[in-house]
Amino acid sequence: MSSKALKQPPALRTFSTIFVVFWLVIAAFPFLWTLWGSFKVELDFFSKADWRNALTGARTFVEYGTAFTDNGYEGAWVQEEFWRSVLNTAIVCISVVTISLTLGTLGGYALSRSSFRYTFWLLIAALIFRAMPPITLVSGYLLPFFEWNLWGKLPTTIVVLVAINQPFTLWMLHSFFQKIPKELDESAKVDGCSQFQAFRRVIIPVMWPGVITTGLFSFLLAYNDFAVTSMLLSTDNQTMVPKIASFLGTTQTEGNVMFAVAAVVSATVPLFILVMFFQRQIVSGLTQGAVKG
Amino acid sequence: MKHKTFFWFFLPTAVAMLLFIAMPLVSVVMQSLFTPHEQVFKIVETCDPFGCKQSTGIDLEATNSLRAEKPLGRFAGLNIYLDRGHLASSEVAAAWLKSDGIGAFFNAIGNLPFYRAMAFTLTFTFLVTPLAIILGFVIAVSVNSLHRHLKGLVIFFSLLPMIVSPLIGSLVLFWMIDSRGILGNALQWLFQDPDLSLKASTGLTWVMLMVYGVWHTAPFAFVVFYAGLQTLPQDTLESSMIDGASRWQQIKYVVIPHIMPLVTFVALIQLMDNFRVFEPIVGFNASAHATSLSWFIFNDLAGETRLLSSASTTSVLTILGVCILLSPVLVRTWRDFNRKV
Amino acid sequence: MLLKRIALTSALVLTASAAFADCTISGRVSIIGNEFPAIQTIGAGASECTGGEVTTNLTADHQTLNVPGMQGDPAEYTSAIVANSSIVALMNDDLIRPLDDLIAEHGQDLQKSQLITIDGKVMAVAFMANAQHLVYRSDVLAKIGVDVPTTYEEMLAAAEMIRSQGIMENPVGGAYASGWNLAQEFNNMYIGMGGEFFSAGTAEVSINNAQGVATLEMMKSLSEYMNPDFLTHDSNATNAEYRAGNVALMNMWGSRAASLVEAEGVAQEVVDGMAIAGPMTVGGGNIPATTLWWDGWTVSKNISDEDAAATFIALTHAIRPEMLNEETSSQAVWLISGYEPTDASEGVIAAANAGSVPYPMLPFQGLLHTALGAELTDFMQGKEDAATALADIEAAYNAAAKEKGFL
């Protein structure tokens, strides 16, 4: 951004800095609040008696003699074995990202390189598929999955998440491949490569930025999914989000909200690491992927 | 690309989508056209730890033989589509005949669950989508002008609302906006109204849900636009400046046209997602004030007696709604495609 | 805290392993049920059995999973743990088997009162009971000089005194969250008013009557003394209000009473003041405005006789009298012989003794429950009158019942 054209006058610069700070407060405040509150007891976190308790930890102090307690974390990680869910989430996320990118790149590449009418209709069909509410899909899966003894297992959930995620992946990768000049693989084909060889030798080396970005969205889908994972996984195989939901309790069950709060904070940490690690690729990926409507 | 090559490239993704989306879609459409058989009742004696009494039960033998004859159930045609829980044709007709003014008619319609849910869903969709796009764009432009060492951190925090599961994100906010939570208290102080409660009024609940919606979806728009800004043609910008274009004119004539395809993409995805709004309604316990089609499906499937036909019908209606909503964008894509061909 | 928990668990494991040899099975056992502590205990008890594989899936989503999970042949689950509301879904689809021959062979120790008999056939074995009843703050009632309310009218009067004396602003608590909770409160009150949900012998709903209107009026009056957000308060949120010392009178589940003030950080006055009483009556009626509930286990129909016998033996083992100890006794009001009622079970037992009625085990009750939960909210917010609300509920129920073939 060293370009002169983007140099801003001081007034505008101040304004945009203030705006960014303002936005950061809005975006991050709920999580900082949760982080702070996760070291308190439930009554302080909810602070139904007085909202200041959430800051000072008045009830926590009465209970533990200090305003901070790591009871929520201990309960979630040790007593409720939250690490199992973390492990399951890792397995699900890695598999979903890998498989859906493999299928998606092949399909998206084909869509971008074929100019027959049916490619348009395939894209539209994918869009309509994406409109299907996930809970309906899941309730339809239950019976066959139980019958074929597939229910409750991680691979089943991975395959379902991959399938549900395909329409979005296809659209995004298709737009990305359109930005890669056709001349690249055409010339490879002139040199005697088959289409697949052209794809492997010429396209794969230049496709990574777009693939990484699409991968980020696939990752988030798998990471955040509740509708599929809560219905298709047995309690032993639960991923983080349904596990956290189960901490919250139901009409008959006393939940343990502080376990949930501690788990929510814990669940954000890997994302922090991931984004810090990949932020450059994420942005540059989108740059070259330049999704198109 | 040849048909055959295309086929092999596209096969894996097509199989995944056919198996897990297209086939369920067909069965959902079927299920919305058929309903379970009529149940045959008989009076039975039921005894539990608290005593015995006569009650109505189902004559399983009679019902089972009906089921065995026609496993799909009774053909209902469009009956479910037109019943009170969905399009409510006869209720709408009755309201039209009975009401003496257009206001009374809309009042009567507003009492029907489907139309009430549509009122919220459409308001939500058409307010949240543009607001999130605008907010995302402004954030992207502002972040773009920051020092590069700051960018990474700012991007992470900006992504937070999107990357945390909606179920949990909305729960966190739900705790905060309670009339005794920090945000609820801040609002009470701001408006000098100690009885202000966001959760108790329909209007404020709508505002709360929409603010949440914008908060949650703006980061997606931000990430996409921010990336788009990285490819801005610098020479065009510079020449526009030499021509004496103001900053505003630069944005209007250079930046916005450049990222327009991205805006279409974001709008397409967000219109679809906002139309299916669901998690915030559950997370905010807001079903007393706001419902959506997705929430109906959830409600039909969560009851002690599941209403499969009703849920399927609502799903089909959701898909039709999305198609109508996206049709302008799709027509545009079709034109683009034809031009390309 | 944690040390104490671990110590307790290991004590439980020790006593459990002593009884290990009791139970041998030859077959597959797979149990689905809710996740609350009493059911966890049952699941652990069944898992003690040796000789066959025992798996459990205890989750809040059990109701969505049990029907598809038992429809296959052989069924994934050999047993579902259900309540009087949720057994009907399994009965409607013919998924559970009569237990009479298994009882004759392996169930001599079960009490007659535990057996859920429908049309002369035992379909489930109950092991615990539950009911909603009054939970109050004795210190607050002492301050205003009022006896424990036995009717909702007295509750309203007490609430008014608490509010006008400036002790609490919203002294009444209630799980009035729109959806299942709100509908359940309607059911309680309507039963207390002496109403009948359906015309006898049919699936035709009949709540649009004087009792229905009176029920709604009473719910409205109560809500005036509740936190204004009451339509978002489920039983967890209501309990949280009580713990924070904001509520003095509430109708709460017996199963939640034992742990109510055990949470960390509850103020001492709330802990000391917490007291339980039986359910209240309303509108001069004799039947308490509450419903009785049982939880019990069933055995799948679509499994081999061998697996069915194994399941029956394992679950009978799980609810044998010896499973009662200090830890488990407080988890529920057990319907097992030798159960010594704890202080926390007082309310549920009072409810049963006062002639409360069980939650109706009708095939179409669930549909009415869903309709109530969705359509009552307008009335509670003052957007429509009682008659319109009741008519809406009936219309919503009729649409659902027609679809399901009940009408």
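When the chains are written out, they are named A, B and C in that same order, and each has its own residue count from 1.
Heads up, the rule we're going with is that a contact is a pair of C-beta atoms (placed from the backbone, for glycine too) under 8 Å apart; a residue touches a chain by one contact, two chains touch by 3 or more.
Note that the structure is predicted; figures quoted are calculated from it, not measured.
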**Prompt:** Nearest chain to the global Cα centroid?
**Reply:** B
**Fill in**
If you tally C-beta contacts per chain pair, the winner is A-B
**Request:** Calculate how many whole Å lie between the centre of subunit A and the centre of subunit C, each centre taken as the average of the chain's C-alpha atoms.
**Result:** 37
**Prompt:** Hey, how far is the Cα centre of subunit A from the one of subunit B, in Å?
**Reply:** 18
**Message:** I'd like to verify one number: the distance from the centre of subunit B to the centre of subunit C, where each centre is the average of its C-alpha atoms, in whole angstrom.
**Reply:** 33
**Complete:** Touching at least 2 other chains, the residues of subunit A are 46, 48-49, 139, 245, 248
**Prompt:** Among the residues of subunit C, which are close enough to touch at least two other chains?
**Reply:** 64, 234
**Item:** Touching two or more other chains - residues of subunit B
**Value:** 178, 301
**Prompt:** For subunit C, which residues count as touching subunit B in their complex?
**Reply:** 63-64, 67, 84-86, 88-89, 91-92, 94, 113-120, 126, 129, 177-179, 198, 201-203, 227-229, 231-232, 234, 292, 294, 335, 352, 356-358, 360-367, 369-370, 374, 377-378, 380-381, 384, 388, 392, 395-396, 398-400, 402-406
**subunit A residues within the subunit B interface of the complex** = 1, 3-6, 8-9, 12-13, 16-17, 19-20, 23-24, 26-28, 30-31, 33-34, 45-51, 54, 102-104, 106-107, 109-111, 113-117, 120, 122-124, 126-133, 135-137, 139-141, 159-160, 162-164, 166-168, 170-171, 175, 195-196, 199, 213, 220, 223-226, 241, 244-245, 248, 264, 267-268, 271-272, 275-276, 279-280, 282-293
**Prompt:** What residues of subunit B sit close enough to touch subunit C in their complex?
**Reply:** 35-39, 41-52, 55-58, 60, 64, 74, 76, 80, 83-85, 91, 111, 113, 178-179, 195, 197, 199-200, 202, 284-289, 291, 299-307, 309-310
**Fill in**
Per the touch rule above, subunit C residues touching subunit A in the complex are 1-2, 5, 34-36, 57-61, 64-65, 68-69, 71-72, 75-76, 130, 175, 180-181, 234-236, 239-241, 243-246, 253, 255-256, 259, 263-267
**Fill in**
Listed in rising order, the residues of subunit A that touch subunit C in the complex are 41-44, 46, 48-49, 59-60, 62-63, 71, 74-75, 78-79, 139, 142-143, 146-147, 149, 151-152, 230-231, 234-235, 245-246, 248-255
